[in-house]
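My structure is below; once you've seen it, I'll send some questions.
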């Protein structure tokens, strides 16, 4: 089967543009209201054609069922603190049945990947109106902290650079560093909570 | 009534961002498929607070019914040729009941405004998901040719600069120039059609 | 000679991005100061590889001298009124020897092209710092009114669509419509001047 | 002295736009050449008027010497790995005397701030052409890893939220977490180096 890739990718590109605008708006809305935003920044991308083909071969997905691939359209939402992830996930759940449909969720924060990878994934179905008509596509929304993103960015870049041939002992070190990044995340959340507590104390005292 | 303007304008700002992305995508989709795009470019803006207040006073709209104002969110779609307007309008009609609802249409191309103004307006109702919940707002989509836009841009800028105090004889000249711009538009469309005809002839002849 | 096109086009792409930001900033600066901007909007593009090759063949430019082509990087500045063109040109001349160097100017408003085309072109030399070092490239800045742009956009699109095979009688009609567009431009400028005069009169009278 | 803030901030806003485009281009240039980019992403901002006033009071800078403030225009460049910082710094040094001038450098990676803050700062002088003429302004370029940025973002947000009144014991915990983030950075760099070594071994063996 010969795929007209340009045509095929059109609705995915549009979906990514629309979803990026939608989640970026939420951030600027919090800022305009002078409130803390659970979203720190948002990125998005359409999977490169070569990566789609490579994945379809690896997973034995025939090209005429390629639309079942869940991450052709990908949105990444970065949060400052671990607690923010929950807030963002619940913002997305609130939209379920409105401008998007949640297909399923994958909690790689509770169920850490073998590699050490942590993130919360939500697979959504999203409807776009294109020049060639309406189309419903799948998109993967990844929600993660800045620390999880720091680790995942480097791990991805190492894997890519070294063609997924990372020796076992180094894999172990990467995994340990993922653990360290997560401990850092937890420490930052705790610090925030303690500051809130001590602030409360401080304000009580100063109002005597 | 005291309005929290920042909060009030949030969903309008988001709607404009989303609608701009949606119509710009259509243009890039035509281009990617190597086809002529009926959309040449797209702009959008949220009406300034001062203009909203001024209009509400002029039209006697109380501030608690200000959401009935149709052009707080405004999208402008520019076309090369008059015929393209129809195609764009029908693309928007195709979306009715999908990602937007058409409230009504105002055809200022058939029914030219007293000033000479021409454009096709579609008032839509559009649903946005904001940080403070779901909201359905009104937006005005103006569809016009580059020539109509040329005229309207200058007329608007003159009116603004001279505080709507344009003398009668000059109003008449502006109106005549709107007419001239429209004749130019028609001439360009005709030239296109003749080229298509002569091309047809040329291709028939050369294939003998 | 085999050209590494990606590498070759890099500095042009960067120059277009930088110049677009620079001229767009000027517009937003006038707006922020509450003043009329002689710049209405700005676009830019790098010539497609296929068009560069096609032009180099047509003009007999060997590929190792392709850097002499003046319009690989192109910036287009649109003005509302004919008088604004002069202001924009003088803004660019003021930068000569600063962030750009003027190589030469081509006045297609005084010396209209055979086709009817009008615009003011400035060829500049612009220095960019890229990942692969410093590079000085040529760029063409076109300054035109909205009406000139309306005509040029349609003429270009017709020429492209019909493979430059526009019959003589239709060429004549296109030329006439360019003339009509220019008369419209002049009429708009005159209307503006008359409004300024009559405003002056009005203000004198009302201050008695 | 009354400052016309809009006018005052214009060249800073333009400088930030230009510098963002320039450093983002470098990233996309590496990507287009299929090479690893030492720049992961770039952000920029002009300091809010209120923060400028607050800082000028805190530091006793009179408003007529406010241009000496070095961080009114701020650019932030994020790198994946600690080693990349050096590469980015040397890319900036290569431009010294070309499109920017280096005023001085502050190495908060060698000389960590009391709070635990790490980043490499370069103060540059940058010349912009605005609608109101040429102007040379100061800008601060911060170069840091994703991990340093993770820590600094949260520390800044905590300081802001709690009005700089963070108790001593919590300050100590924040400092420790900065240390942990830096160890993580070092571990990631080492992992990369080991992978390169083991890859080298692997390739030698497979080429026997």
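Chains here go by letter, A, B, C and D, matching the order in which they are written, and residues are numbered from 1 within each.
By our rule, a contact is a pair of C-beta atoms (placed from the backbone, for glycine too) under 8 Å apart; a residue touches a chain by one contact, two chains touch by 3 or more.
Every value quoted in this text rests on a predicted model; they were computed, and no experiment measured them.
A.B. asks: Mind listing the chains that sit against chain A and also against chain B?
C.D. replies: Correct list: empty, since no chain touches both.
A.B. asks: Compare the two sides of the chain C and chain D interface and say whether they are made mostly of the same residue numbers, over half shared, or of different ones.
C.D. replies: Comparing the two copies, chain C and chain D contact each other through largely the same residue numbers, since over half are shared.
A.B. asks: How many angstrom lie between the CA centroids of chain A and chain D, rounded to a whole number?
C.D. replies: The separation of the two C-alpha centroids amounts to 25 Å.
A.B. asks: Rounded to a whole Å, what is the gap between the Cα centroids of chain B and chain D?
C.D. replies: 42
A.B. asks: In angstrom, rounded to a whole number, how far apart do the mean CA points of chain C and chain D lie?
C.D. replies: Centre-to-centre distance between chain C and chain D: 36 Å.
A.B. asks: For chain C, which residues are shared contacts with two or more other chains?
C.D. replies: As it turns out, chain C has no residue touching two or more other chains.
A.B. asks: Could you draw the chains as nodes, link the ones that touch, and say if you get a line, ring, star, complete or other?
C.D. replies: ring
A.B. asks: Any two chains that touch count here, so list every such pair.
C.D. replies: Final set of chain pairs in contact is A-B, A-D, B-C, C-D.
A.B. asks: Quick one: in the complex, what on chain B touches chain C?
C.D. replies: Its residues touching chain C are 36, 40, 80-81, 145-147, 149-151, 153-154, 157-158, 161-162, 165-167, 170, 173-174, 176-177, 180-181, 183-184, 187-188, 190-192, 194-195, 198-199, 202.
A.B. asks: How about chain C: which of its residues touch chain D in the complex?
C.D. replies: Per the stated touch rule, the residues are 6-7, 10, 13-14, 17-18, 21-22, 25-26, 28-30, 32-33, 37, 91, 94-95, 98-99, 127, 129-134.
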